[in-house]
Each structure stands twice: as structure tokens, then as C-alpha cells.
């Protein structure tokens, strides 16, 4: 199926009048370790601008000041703070781990805390280097149920065992059967495809080479988290609509920009979502 | 009564020609402890942009750099610096405590210093987690006279003992009699109501779900502080006009934005206040 | 004399085609100690945007990151670094000390280093709390020759011994005779007056109460430093033209802003100076 | 030859549709030591905005937060981290060393690591204070092959032994023979000239005194790195096109700005490159 504007309009509905921050979900982001501190900043920026009710970030101590310099709207604390980490993990509606997480001891420990602590009602999005750590696991079936994976081709190769040139729709779908049955796969490439648990295959009619720059994936992951937190739709629909809008905004910006910076996409989110919600 | 544009125009008067920074008041903000560092940044941003003459912030040491990265106009120091804290407390016209204060030992200590040190001519605004700490007190009548409380429904429940569903105008007004007689209550919800000491009940014809995002309350608290510091009107009028303008700006921004970020409201303040002061 | 647009146009000349950074002067700023870190950031921002060739800042270690977050164009180092301090002092064309300097031991030490190290060809601008420290001196005649003082009324009271209500043009001029003969005085108030060494008294037909907010003076001081560094005119002309433009920009912004933030004035500088230089 | 718009249009081609971050190159920047922390921030800003696929910065620990505050798109780590340094050096397509590097022990050590570790396929750009360190070397012929030098007149004097007034095209070309045969020289002055290995001499019809401000060279160096990383053209063509565009953007901004700040040029890059790539 084609994930087009009409699909995204179905997801991005006008907000209910009687609502509060909690109505739009609580998102917990984990990542941003050196030298990738900026990755979790970009994810948080996308998440807040996409309308998540509350956004909290566990990261390296040195990332916090840079995050709050540009996004005071997000909460942030050192990922090494066990108590705070558990508390945020417990009350989140959506957890996103991976943007700039790295693969060192602390990264591994954060991933284990998330995998062990997350409950069946919470959506877990795994992105970036957390996918490489995941690839070391023996049995993917033990992963949480409400799972969204957002690998680029090399990450998916490590995870699925499929070499990049063998990542066809059929093989990707077969590889996905090794994961929990509700898993959504956002297979990123110059032609991103979203795989849903009911054999959905969503293709994007948007996107282009102006998006090939560092941080683009972190921004998409943050948007998926924001959409999953606030919209009462399936994980597939949330991920697909976010991926659509991410590339649709880039397309529009590329009319006047040779390269589209990830943070520019986040800035456009409130206006672009408003237009979607008004269906015009 | 309806707090409308005409009400706000009465408050936001053109500035006197012969004036200096002191004419527009000195505001002292206390808050911004981890992980809520951004809260006091947003409050300070709203306060400076609303026209307060001088704004000083006592916060966590790590908040200061992020604050000055985006708002060099505000002064800032570590809340643990006792001498500086007492000095700023002494000379402030308005004190706002709460945005991102937290509830730990340092938070409690800061609140006690404020409650013990504030004088009868100084306006005290209590917001956020400081309201939770206040709820532990036995006798609200011992609080300072010029008091403005800005709780959301759960905070007001803790403070008043009224469960959220019982927070009717009559019950709220009755609960307010346990506080000093001049207390103003800004009862925040998707339908915010402002209660004054002379039985005023102000209702807002503005506001909407695009405001349901983290930091919105911190921004409102900063605006109330700025209004109370510079306008020679009652605390009720200052709080009501600030609440009106806060939501009126959000309404306008929401014409083209799905979610309105708190910092965007602050950016609009100088222009919106100019229009109010010109009554057009 | 009235310092008007024509006066400023005479100062802000088109740049010579054959030029390099050095042509437009080297400015050394000293200040920004806690809690006033933002003051030197605002001064540096004004100085860079006014076109100074190179701007270097000696400040508190914690100010540096916030400065570079918004103004990577300026150099910065800890004021406690004696060697670097002496080196910058030696090669500066203009030294500005005072914005957010404070009055503690380090502040005093910085002022002494500047007063002792500055040469007869270097312009020295003394602002803010450095003026209070100066007021403790016994003999102002020992101060450097190329001196610009930028006190507000209370600072001038401490410096001159004239109570605010006695600060008339005649008395101010008389008080100025206690300083080196070439001293320029920028007496800031809601009606700023600039006093030159040849009995000039410059009055501004611009400015208003929208400027009464923290940081406005720091911004003016930074502009005066930038003008003195790059324009081949007298200190009086540089200070007067900067004061004119500072208020003229504020006037223009105030058409649509209730309060004009200092950093907004700096943002407008390149455009406003371009218009002046083109005399249209 | 004149490096004009047509020349730049040949370099800045539309991006290939089937591409990813790696297609547009990996750039490694080294610099930003105190007090010049901002220099490497400006270089990174130019490099990211010019479309490099991935940008990584080795710098002083204190620079990192300020960098990520405005450019989360770049990776960053402490230059003292030997392992990370070697890893980034190894996988970079282009290495730029110099913006704000300084000349102390750590600066020298960073330069040695780069000179010793760089391979024959990697482009090395040497800028700023790294050029002064280079001037201490005995035999320039031992330098890496794919070399771009970006000195201003005093730096070139130290490097070539030619006093500023003797830096004629003929003498510059002769001096260049002491460097590896493929070396490109960007001789910066108010009339910048680019020398290529095949006796090319490129002159710019653009640029002016509004560019004479601190950070301009750092921005140019970052652009050259970005161009060299993504365009399949000679080092001469990449450097010349970048130098053209840098000054062409400044020219355009100078229509309404007395001084053009380096960071403003970087902001314009995506739009200006889009126009070039569309040849209109």
C-alpha cells in the first residue's frame, strides 16, 4: 500500500477539546552519549514538536545543557541515575532507545534496563546503535510485544542476517517472523518501506537525496515516538504516518534547499500537522 | 466575569515616558532543578518578554549555562548560594517559586527561605511542585498575604483536599477561605478559572488543546510574575490578564500550528502586548 | 547639539574596499561574572554585530559555553588566565570593562590589570559595576587618557558625588573636569546625554520606555566599543553615534513591540548600519 | 581564470537519487581550543549546511556543549581521546585541521596525529593556526598528497617565506612547488586567489569588506571541506567553487547588511546551493 497524504490525515486528527498533557502521552527517550550527544537532542526536538504531551530524556550528563539550550520543553537527567531512570521508564507510554546511544557498557546497561522493565502496554521503539546491541541477542521472540524497529540497511543486515542486496520485501517479511508478532519494521533506505504485523507493506511516495545527512534518522525516530504517544492508532499507522510526514516536509523544504537539515524538519512539524489535521 | 481582551487592555497600559528598569519591577524566580531545568528557563523567558524590568533566577548550577544560552537578559545563580538568595529575595517586587523546583531537600529549603523571608509588600506566586510541598503545611493562614497560587487540577486536589471532579466554583471558593484573605487562585484546566479575593471569578473565553504540552504552565507563571511586577493593578487583575493573553496568543498561533510550544508564546509577547496597549 | 541621523551617517561610513579584520579593530571585553554572566554576552553580541573586526572576552569560565552557543564569532577565555589577559589587553584597540563584572576580588583585580596595563593609544570604556569600583579611587586624573564612561544615574552619583536630582548639564560638566581632559561621558537616563571633551553636549531625540529592561546598557556599551574600534572619529562621535543608533533601533522595534529586548537590537545592527552608511 | 557562477554550477550538481549519508562524504574537523572554541563551531556549521553526509569534530571538551547547542547534527568528542581520534581520522574522506586549533602542545600533537595517520585517498585541508605549526617543518614535500592550504597573507608569509607585499601570482606559484605536486592553495586576502596543481589561477569576481570579521575564514574552510567531501571534482574545483559561493552569499547579504556574520553565510548555504544546482 502507498502511505500518502490521505493515510497521514487519518492519523493526525484534530485534538479533543477536553484534554491535558497526559492525553497526548508521555515519551521517554534514551540516548545521546558522546560523541553522538546531538542525536538524542534531535530526537527530542522532533518528539516535542510533533505534539507529545511530556518528553523526558535519559542521556549523558554533558548532553543536558545543550538540550535545554534549544529545547527547555523536554525534561532531562543522567542515564546513570538508576532511580530516575526506573521511574520514567515505569510511567512512559512510549519508550525510544537508540539515538546516539553508542555501544559501550552504559549503553548496554540502559538497553537491558529498558528491555527488562517495559510493560505490555508500553510501546518500545528501538533505533540506531541499540539495534546493533539487539543483534547480539539469541532470541528476538523474548522482546517486548509492542515493538517498532527503525533500522537503516546495515543495521537491518546485522539484525536480520540479510545482506543489503538481499533485503527484498519477501525476505524482510520472513525475517520479521523471528520477532514478536506485533512488531513493526521501518526499513530505512533511499526508498523506505514500513512493514506491519498484518502483512502490511507501506511504501512512501515521498523523500529524496536532500535527506541523506546525519541526524535524519534520529528525527524520524522522535516523530514516530510522538505519533505513537498521542494517536489512537496501530503502531504501524503511527510509524507509517510519521515516516510519510518526515519525508513530505523534507520534499517541501527541498524546493528551496539543497540539503534539508533534520532540525529544520522538526521546526516545520506544528504547521505541517495542522494542515494535515484540517485536511487541506 | 469573562476575562476578555477589553479586560487585558485595561491592565496592559502604555509605559510611562519617564521610567527606568526599576519602574517595571524586579522579579525573583526559584526553580529549575534536574530533571526540570527547562521549566525555570521557560518561566524566565516569559517573564523577560512580558516586560519585567529585572529578572533574577536561583536554580541548579547546571541550568545556568542553558538559560544564558538563550536568555542572557536574565541574571542567574546557584540556589544553594545562601547570601545571594537572601539578597535577591529581599529586593524583589515579585517572587515566583515552583517551576521545576522538585520536591527534594534543596527544594524544601528554598521554599522555606522564601516563606520566611518574604515581606508584606512582596507578591509571592507559588507554582508547580512548590504547591505539592505547600500541601504538607498545616495552616495555610500563616502564608504571606500577597499570594497567587497557580495549580493544575491534581495540584489543587492536594492543596485543597478537593478531588478533581469536586472542583466546582463554589467548592473552590470555599477552599480558598483557608488561605490568606488576599489570595488569588489560578485554577488551571482545559477551562482555566481565576478566583479573586473579592469573590471575583474570572473565566477565559480563550485557550484550547494545542496548549496541552509540557512547559505551558511554567510560561504562564512567568507571565503572571512579569505582569504583577510592572502593572499597578490587583493581583487578580494581573493574573487574569496574563492568563488571558497566554491563551489568546496560543489561540492565534494555533491557526497555523497543531501544537503551540511554550517558548513560541514567549516570543510573541512583546508584539501581543504592544497591540493590547494600543487597543487595536 | 542634537545627535540625529545625520550625525550618525557621518560616523558610519562605507567600508574601505581594501581592508581586513584588523582594519576594523580589535576589542577586548571584560565582565560576565555570576550572576551577571549574560551581561558580557549581550555586550559581545552588540560589538560583533556592530562590525568590530575581532572581539575577545575575558569572563567567568562558566560564561564561555553560553557565549559560544549564540556567538561563536567571539573569542573567550577565563579572566583568571593572567597570561592570556595581558596578551589581549596589549593588542586591543578598545577595551570595555564592566558589563556584569561585579565587585568582588576578581572584579577588582581585573580592573586594576586594565588600568595599569592600558596604553595611551587604546580607548578604555568603563561601564556597569566597574564604575562603582572606580568611585572608590581618590584621583580620577590618574586614569587613562582615552576614556569613555557610561554610567546610569546612580552610578554617576557614586562617581561624581552628584545626587541624581542634581545631575544638571552644568554640574555634570563641572564634575567631568575631575577626569582626564579627553574623557567622554555617556550619562544614561530616560533622556541620555553625551558629554564630550570640547564642551560638546549631545542630546538624543530618540529612545523610550520600551528600553527600560535589563541588559540595555550592556548592549549600548558593546556598540560604543565596536564603533570606537572601527571608525576614525573622536570618542565623542563614536559614543554619540552608537547611543543614537541604539535608541533609534529601539524606537523602530517599539512600533510593534511593548518591550524591546537588548539582543533584538543587536540583531538589527547590520541592517541599520547599512542603511546609515548608504544615507537612505 | 575567473571563478564565476558558471564555474560553481558545474561543481554543485543535483544529488543522485539513489544515495545515502555515505554518498556525501565523511568530514573530520580538528580545532576549537580555547579561546578559539567558536572557530570550529563555525567551520562545522558551514560544513553541515554545505551538505556533507557526516561531520565529526575533535575539540576541547568545553566546546562540545556550545557546538551541540546550535548544531546537534555534528558529532563531537574531546581531541585528547586518542582512540576516537584515530578512528575518525581513519574513516574520514576529508580532514580539516586548524580552525581555532591554537599552537600549544595539544594542538601540535593533533597535527602530528593527522599528518602521520592520513592516507593517500584522504583530502587534507590545513587552515588557521595549523598553518603556523606547519611553517616550522623543514620539508613540505613530506606532507600528504591531497592537500589544500587556506592561509591568509600573514600565514602564507610564514609558510612561503614571501613577505606580504611580495605575494605575487608568480612568486606564489613558485613557492607552491615546495609542496606536494597536487597541493591547492587558497590565498586569502581582500582579493582571494586559488592556485591549482595544473597552473590554474582562479580569481574571484565577488567578495568585499563586509566579510572582514572574525570567523569568516573558519566558515570558508568548513565549506571547502563539505564541497571536497561530496563533489566528484578536483580539489582545485571544490576549493574554488566553495570560495566563490562563500563570497557570493556575502555579497548578496551585504545588500542589506553593513557586516556579514560568518554564521549568516552558513544559514544561507542550503538555499544558495539549491539555486546553483538548478542553474537559475
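For this structure, a couple of remarks:
Every chain is named by a letter (A, B, C and D) in the order it is written, and numbering of its residues begins at 1.
Convention: contacts are C-beta pairs under 8 Å (C-beta built on N, C-alpha and C of every residue); 3 or more make two chains touch, one makes a residue touch a chain.
This is a predicted model, so every value here is computed, not measured.
Annotation, subunit C versus subunit D: rotation angle of 90 degrees from the Cα superposition, expressed as a multiple of 5. Comparing the residue numbers each copy contributes, subunit A and subunit D share less than half of them at their mutual interface.
Taking each chain's centre as the mean of its C-alpha atoms, subunit A lies 34 Å from subunit B.
Annotation: 49 Å between the Cα-based centres of subunit A and subunit C. Touching two or more other chains at once are residues 65-66, 69-70 of subunit D. The touching residues of subunit B, counted against subunit A in their complex, run 34-39, 41-42, 45, 62-63, 65-66, 69-70, 152-153, 189-190, 208-210, 212-216, 254, 256-263. Residues of subunit A that touch subunit B in their complex: 12, 15-21, 23-24, 48-56, 64-77, 84, 269-271, 273-274, 276-277.
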